[in-house]
Amino acid sequence: MSHWIIAPVVVPALVAAFIVLVARFDLHLQRTVSIAATIGLLAIAVGLFLLAEDGIPRPYLLGNWPAPFGIVLVLDRLSALMLLLAQILAVAVVLYAAAGWDRQGRHFHALFQFQLMGLNGAFLTGDVFNLFVFFEVLLIASYGLFLHGAGAARLVTGFKYVTVNLVASTLFLFAVGTIYAVTGTLNMADLAVKAGQVGPDQLGLLRTGVALLFVVFAVKAALVPLHLWLPGTYGVACAPVAALFAIMTKVGAYAILRVHHMVFGGEAAPAAGLAEPWLVPAAVLTLILGTLGLLAARSVQRLAAFSVIASMGTLLLVLAVPGPDAHAAALYYLLHSTLAAAALFLLADLLAERRGSVRDELVAAPAFPQLDLLAGGFLLAAIATTGLPPLSGFLGKVWILDVLRAHPVWPWLWAAILATSLLAVLAFARAGSLLFWKSTAVGATAEADPPPRARPALPLVATAVLVAAPVLLAASAGPIARNLEATAAQLHDRAAYVEAVLGPQRLARAGEE
Amino acid sequence: MNLALIALLPFLGAVLPPLLIRSGRNVCALATGAVTALALALLLVQAPAVFRGEVVRASFPWLPQAGLEASFFLDGFGFFFAFLILAIGLLIVTYARFYLSREDPMGRFYAFLLLFQGAMVGIVLSDNVLLLVIFWELTSLSSFLLIGYWRHLPEGRQGARMALVVTGAGGLALLAGLLLLAQVAGSYELTTILTRAEAVKGSELYLPILLLVLAGAFTKSAQFPFHFWLPHAMAAPTPVSAYLHSATMVKAGLFLMGRLWPVLSGTEAWFLIVAGTGLLTMLIAAWIAIFKDDLKALLAFSTVSHLGLVTMLLGLGTGTAALAAVFHVLNHASFKAALFMTAGIVDHEAHTRDARRLGGLLHLMPITGTLAILASLSMAGIPPLNGFLSKELMLEEALHTEWGGTGRLFPILAVLAATCSVAYSFRYVTHVFLGPVRDDYPHRPHDPPAGMWLPVALLVAAVVLIGILAEPVAGPLVRLAAEAVTAGAAPEATLKLWHGVTPALVASGVALFAGLVLLAAFGPIVRLREALWRPEAKRMFEATVEAVATGARAVSEAIHDERLQRMVAWTLAAILAVGLVTGWGGIGTGERPGLPVAPLGLLLWAGAIAAALAVALFHHQRLLALIVTSVVGLIVSLTFVWFSAPDLALTQLSVEIVTTVLLLLALNYLPRESPRESTPARRGRDVAIAAVAGLGVTGLLWAILTSDFAIPTISTYHLAESKPGGGGTNVVNVILVDFRGYDTLGEIIVLGIAALAIFAVLDSTFRGTAVQRLRTWSHEPEAADRHPMMLVVATRIMLPLALMVGIYIFFRGHNQPGGGFIAGLVVGVALIVQYMASGWAWARARTRIDYHALIGFGVFVATATGVGSWLFDRPFLTSNYGYFHVPLLGEVELATAMLFDLGVFSTVVGVVMLVLANMARVAARAEPQTGVPTAMDSVPEPRLADERITTTAPVPVPERTRQEA
Amino acid sequence: MEFLVASAVGVLTAVGVYLCLRGRTFPVVLGLSFLSYAVNVFLFATGRLVVGRPPIIDPAAPGYTDPLPQALVLTAIVISFGMTALVVVLALRAFLEAGSDHVDGREPGAEGRR
Amino acid sequence: MLARLLPHPLLTLLLTVVWVLLANGPSAGSVVVGLVLGIVLPLLTRPFWPDRPVVRAPATVVEYALVVLWDICVANVQVAYLILFKRPEELRSRFLVVPLDTLVPEAIVTLAGTITMTPGTVSCDVSADGRALLVHALDAPDPEEAVATIKRRYERRLLEIFG
Amino acid sequence: MIEFAVAVGFAAVGLGTIFCLIRLALGPDAVDRALALDTLVVNAVALIMLLGIAQATAIHFEAALLIAMLGFVGTVAFCKFMLRGDVIE
Amino acid sequence: MSGALLPWLGELLVTVLLLAGSFFIVVGSWGLLRLPTFMQRLHGPTKATTLGVGGILIASMLFFLFTEGRLSVHELLITLFLFLTAPVSAYMLAKAHLHRARLDEEVPPTGRPVGWATFDPAASDPDPDRSLRPDRAP
């Protein structure tokens, strides 16, 4: 049993505790520790990713209690992938924030580390109630990060964000309670087994619990009409936080994959296929509303926020298609859309920082420093986000179009995806030409130039990392896709998962006593 | 390998110009030219093979899961186009070096140009259809960048966006079409697809495929009604217009139709759509071109017209027509690129390209004038120039084409188009170059440096040479390409000037004559045209886009209006919908016998329900609502006591108290009453939602409570293992600190984060508007004494007692109800009472604990306890316990779980205190700053503010003095 | 008793839902508290209603109620406490900053810039 | 030294007793632990109880407790009678002012608490200078007598205890 | 005999609870309601002790202890709020 | 409930205490409900209830002593805490009432140069130590 499996949870927890305990008054030390820890976590995530490459799910029995009685973490390809994605994003975000955003409020780095802990915990856990706990960890950390720097808009929006999520959290408990009542277990592997043994009388209860759980994840994933909280939240969060939030919606998608497709999916499970009839129309609506929002956006950050919604629409559409093929495509799109959206959020902030009082609003304003550089970054991010070739957005979309053929109403889905792509192109073309072209026509900065502030390179580097991601994802699409196929295949190999978690370990414990 | 390199070279080379521009414009241009030349050389290396009839291929895996491979192939058609693109590209690079002014950022220009070049070459070399789409869209993108190159020009921005949207839309349609085509043909590789003509044409998806593919081709090649973007793309620098919008990019659509000719052409639909659209486009655009005063606009519409011509030829579906099409592509590329460049020279020299302000330029710039006239004549179809040859072939084909049930309509329309073509070509010649020299040019023009006219001269030389020696010069290439289009069926036609007096020649003559007449009557015809309705395509497009954007904004902002009530209502509605639809019929009452109803239970039930409903009814009075809510909390605690959950009862009780204090602290600064503002309809809706939710939950729980579940729960294990495995008899506590200690770790971290977040949020209170609001906050009349004596004294005795109880509960928890969490709350509440009695500053000054550190310590201890088990190579949080004999105390049980619980305890105390202390700090800040200075004034300033007081007890407390009254 | 508990949880839920739909922050906070009461009792009740059999190991005990839901509820109570604390503070801060305790940060009818 | 170690000896005693009660009975272990806690906790919480009232007559404490308990029992019956059988308008409810002789806050508070715990009277407030107690009596036909009883039965003993 | 007394006790607590709830409903002032709540809390201690006797278990001791010790905090907080607005000042 | 071990006297004692406690609980709550003014209502619960609960607690103590032969002294502790806290509640409730009902004119004068703490600003010393000190200068 490799103790490294728990490291993505324990390390940030200890680092955050250390920051609160020791480094509270020393921002410099906080930064150093936080950055070092995040990079260390990335290394660990890479290690775990390589470890998971052998395709064997690795359970980690917390407290050395046998599954399903204790809590178990499971490292498989999917959790390793999500860990890796989260840490990559985290490194970019922490580098970006360390250039000054972390000064805007208190406890940025502690909250950031806790946020990572919550994310990593949610990805690793093999227990539904523990998933709830780590959802709460990542949510409350996200509340804290969201409110970082405060301000009226953020506080008012924060209240909404928290309220909606608290309603969702309540629902989570209702759902888990129902599932526990019927199955008597919380362990995911055990649930997969027990779900098949539920008698016909209680099947309705189980199905209700599972469906309600789906709604919880759909709130996180911003599925229409559960998405209303997102634009405001992502639109006013401070840039690095918004960038980090790019993965929060994906947690919802991950949970749907894990719980609805793995635990309760497949042939054996009576709860299979619950969500699909709802999911397709809702996902299409999500895609459409997200795209309309792109056209409606009045600032780059809102543009980025709506791009998250649109991308979730696409992603959830694929999740409506059962089977590993579709899910491999979904995972590719998930990787892409997370990093691309994060890049956009950071770009929005770089722009806001340079454009004076108009911030990142989509209005013409005088030219600003490093315009060409940001224009280039924006162009790449826009290409990626709208799904234009040759970046990962396009590849992801093509792959998705391909797998959607398995869906009965695929022509409509194709039409939706392609039409919204066009509108997205329109929206980004308008925004980009306004920001980078029209601005130059406004004339030179009339007002006296503010004293040339030193522009730290760190944010540019962090943004560049994210902007480069879609390029790299596209360039190495082949190997990545092979990995994702294996990941999706493993996700659907329920028997292997169950055996890995429940099988030999139970014997081992007995032998040890 | 080489093939891929031809396409990739320009992409790789695109980094050079921006880097080299620092070394000078010449170096920059030379590097760009070198890249192009190298690509051209690589292409020519393949020529022998291609001319031998081989198909050169190269393939690399990319994303096979989606059918995408980086596979290229080179046949005659591809070679033909690639040659055009690179060769003309070389000329454009040269021309642009001299065309661009010093102010224009040349590095960026050449970079974009090379990107475009690469994309274009990529299209024509792609074997994989998805790869083709990638390059296809890249041309849209790079063209977007090039059109918007002069970013200060609004026309440039609008033109660029329009081009991107129209061609981008076509690209998306093309993507869909090609995906379907690949599905039908069973392969993504063109080389394979082209062999599956029967399968494709026989498929029920043929028509969708055709429409989608043509949508791509027509938008790219500016076919009616998608033609409108091209003239507006003329805002680009002229080299761009010459290259993209005449010679290459717009030909991509033609290329595609040619490429897919074997699998798509030859059907009725193909003929009707392609030939019909081509003919219409040819005619309409030629008519419009006549009247364009802007030379580039004139050329742009003429380009549209010629693209229509080629489209029409391809639509005819015959081998000869295909040959003519290929030939005309070549011819048009040569004379139109030349013409654009001359227009650019005129613009460059005379500082205008308005035909109305020009004339007589032949005298001032003889070289340019001569070249322009030659190219124009070719465009008009005058022998012996190459335009004549292909136009003859076109007319020949048109003459025996039946359309609309008659064999007349088609030729007549074709001749009409040719007529217009003559008219605008001659207008370009006469209105710009002929006539007397004027003295009102914005700038007196003369011939440009050789670098600018030499490329034109080379093209015009080709125009003349091909015209005179068609077969030897262009024959092999054109034939090679045409055979590739027709998939081997050798087209029957010879490329030569003189075929005898054919009907086509007659038609040509008619067109020439009519065209000249038309031009002679230019003035009246302009007036006639101005009287006619002319749809303004750009305005319509802009209006449409604006409407879409406005509509989108209206919809989006109506939906995303950020109103919480809507968010919650929709969330709940969705939950209820899903819950009811899944649960309906599937959930029902089970057979499990229940507990008899106890009268007192009934009473508590009634009390809870009455209290809850009262809160709902009277929530406007907030204090009242809070008091009544406490009743509900109390009854919930009693429920836990009743049903064998002592730990829950304890937790609920203590949490309740802390929450109440917290809510009261907040309420102090909130309005004491809520206004009654929701409409009856809204309330009705909310009651309905609430009622459904309540009924749903009742039904769900009722079903659960009355059902007998066959599956044993995992907690039988917990009950069995609690004592032997976990060392405690309080199973709930053992679950919390051992079986599921990991949950608890997460839970205390949630608390810790909450406290940190609250601290951070409150910390910002002391800046900005909030301070002002706090200072001016009008309090209700207050009672006089802050610290009621009885409370103060009582709490001083209570504190040590409560601490003792806390310790007791802590140590008992493993075996009896209690534990670290409850103990922490008890201690926290005891401290809160101190704060309430004696005030924040007083109590804080006497608490030496740093609450932050307490939280950090708690999380650290709990986590470290978990990590400690690694030392014994046991998983995280593995517990251990043992019994030790201590004198006087007897058997003492020590468990690592207790250490973990200590972490829990510490965190809870820290959290409760940090939160409340900071809430109190807000209040302290809001105190009207009057009278004696208080401890609150010494709160450190915001920048460094912490809940820690740096200076404690600033008020000197004199020794207790006794005074008799 | 089962029906009493089920219906009481239903009423608590309904009241919580109703309050969450109000337009001012304070009732919403109360509503969230009610939802948390409701779900805590719900979760607890999934271990069934058992009188006089607390899960404290005792050789003389006739049996025990299901301890696991109790542990889960404890966790849920604690978490919802943290959340409530945060949301209360947020309500307060939003009011101080925006000058209105309306959930949308501006008085209804008042012109608000998005 | 001892005063420093035991800032409130009575509190130490009380805490020890409470611990023994918590442990549900005296045993060597519980007394030892109780004593340790009884010493440690007052030390920890000393800042919160800065004054050190000196108990001069420990024996009177017991006497006082017994008197109070007796009064509680007796008066409870009287008050029950009043509540059950007297019509509210017949009750001669009124505020009483009890002038205070003691100056020790702990004594004042003990007195106020005693007054509240013995039925029929509730301590409501002290004067701003801490020299008078406002008491509400449920049924006080003779206010002077009631005040005098309070001072005689309770305050006198408290003065003895706290000086 | 004790069963009877316990039953009477339950009835008494029930009756007391009803009276408190009615007072809670009637008010008229918030102080009355706070008083009613305070009384309810004390009744709850009695109820828990009665439960202990009825079930012959000491398991409820901590609950009763906690209510007895901390129950007044809520009342104090409400009163402090009514007196000063600021609970901790 | 095993009556066999319980001596008759003990059983009687427990019963009597239980009944008495019950009686006072009802009386206290009844007073809360019935009495017309707040100050009168305050008398009911804070006393009768306390004694009522006290009775039940003693009964419980004796019950465990007689049935299980062990002395349960926890009940004493509960009583202690109730007796410690109940006067504080009552005091605070009374003050809150005085304040909210604006009774500064109705209550008799203190007989001192200063007024009652609830009303006299002299009592509003931010330092609790000083405000505790009787005779503090206004």
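So that you can tell them apart, the chains are marked A, B, C, D, E and F in the order they are listed, and the count of residues begins at 1 in each.
Rule of thumb we're sticking to: a residue touches a chain if its C-beta (ideal position, glycine included) is under 8 Å from a C-beta of that chain, and two chains touch if they have at least 3 such contacts.
These figures come from a predicted structure and were not determined experimentally.
Colleague: Under the document's definition of touching, what chains do chain E and chain F have as common neighbours?
Modeller: Chains touching both chain E and chain F: B.
Colleague: Please find which chain has its CA centre nearest to the centre of all protein CA atoms in view.
Modeller: Nearest to the common C-alpha centre lies chain A.
Colleague: Greatest Cα-centroid separation from chain F: which chain?
Modeller: B
Colleague: Compute the distance, rounded to whole Å, between the mean C-alpha positions of chain A and chain D.
Modeller: Roughly 62 Å separates the two chain centres.
Colleague: Roughly how far is chain A from chain F, going centre to centre by Cα mean, in whole Å?
Modeller: 56
Colleague: Where the CA atoms of chain D average out and where those of chain E average out, how many Å apart are those spots?
Modeller: Their C-alpha centroids are separated by 22 Å.
Colleague: Averaging over Cα atoms per chain, report the distance between chain A and chain C in Å.
Modeller: Centre-to-centre distance between chain A and chain C: 27 Å.
Colleague: List, in ascending order, every residue of chain D touching at least 2 other chains.
Modeller: 18, 22, 51, 103, 105, 108, 112-113, 123, 126, 128-131
Colleague: Mind pulling the residue numbers of chain A that touch at least two other chains?
Modeller: Answer for chain A, listing residues that touch two or more other chains: 129, 133, 136, 140, 143, 147, 150, 152, 155, 159-160, 163, 167, 174, 177-178, 180-181, 186.
Colleague: Would you mind listing the residues of chain F that make contact with two or more other chains?
Modeller: Correct list: 23, 30, 42, 44, 46, 50, 72, 74, 77, 81, 84-88, 91-92, 95-96, 98-99, 112, 117-118, 120, 122-123, 126, 129, 132-133, 135.
Colleague: Assign the assembly's chain-to-chain touch graph to one of these shapes: line, ring, star, complete, other.
Modeller: Graph shape, chains as nodes and touching pairs as edges: none of the named types, so other.
Colleague: Got a list of which chains touch which?
Modeller: A-B, A-C, B-C, B-D, B-E, B-F, C-E, D-F, E-F
Colleague: If we count contacts the way the header does, which residues on chain C are in touch with chain E in the complex?
Modeller: Touch residues, chain C against chain E: 51-52, 54, 56.
Colleague: Which chain F residues qualify as touching chain B in the complex?
Modeller: Within the complex, chain F contacts chain B at residues 81, 84-85, 87-88, 91-92, 95-96, 98-99, 112, 117-133, 135.
Colleague: Enumerate the contact residues on chain B facing chain A in the complex.
Modeller: Of all residues in chain B, those touching chain A are 61-68, 108, 130, 133-138, 140-141, 144-145, 148, 151-154, 156-157, 160-161, 164-165, 168-169, 172-173, 175-176, 179, 183, 545, 548-549, 552-553, 555-557, 559-560, 562, 564, 566-568, 570-575, 578-579, 581-583, 585-588, 590, 697, 700, 703-704, 707, 709-715, 717-718, 721, 725, 738-743, 745-747, 749-750, 752-754, 756-757, 759-761, 763-764, 769, 852-853, 855-857, 859-860, 863-864, 866-867, 869-870, 874-879, 944, 946.
Colleague: In their complex, what parts of chain B are in touch with chain C?
Modeller: 557, 562-565, 568-569, 572, 594-598, 601-602, 605, 608-609, 612-613, 615-616, 619, 622, 625-626, 629, 632-633, 636, 639-640, 642-648, 651-652, 655, 658-659, 662-663, 666-667, 669-671, 674-675, 677-678, 686-687, 689-691, 693-702, 704-706, 713-715, 718-719, 722-723, 729-732, 735-736, 739-740, 743-744, 747-748, 750-751, 753-755, 757-758, 761-762, 764-765, 768-770, 773-774, 815-817, 821, 911, 915, 919, 922
Colleague: Provide the residue numbers of chain F that touch chain D in the complex, in ascending order.
Modeller: Those residues of chain F that touch chain D are 23-24, 27, 30-31, 34-37, 39-40, 42-44, 46-48, 50-51, 70-74, 76-77, 80, 83-84, 86-88, 90-91, 94-95, 98, 106-118, 120, 122-123, 129, 132-136, 138.
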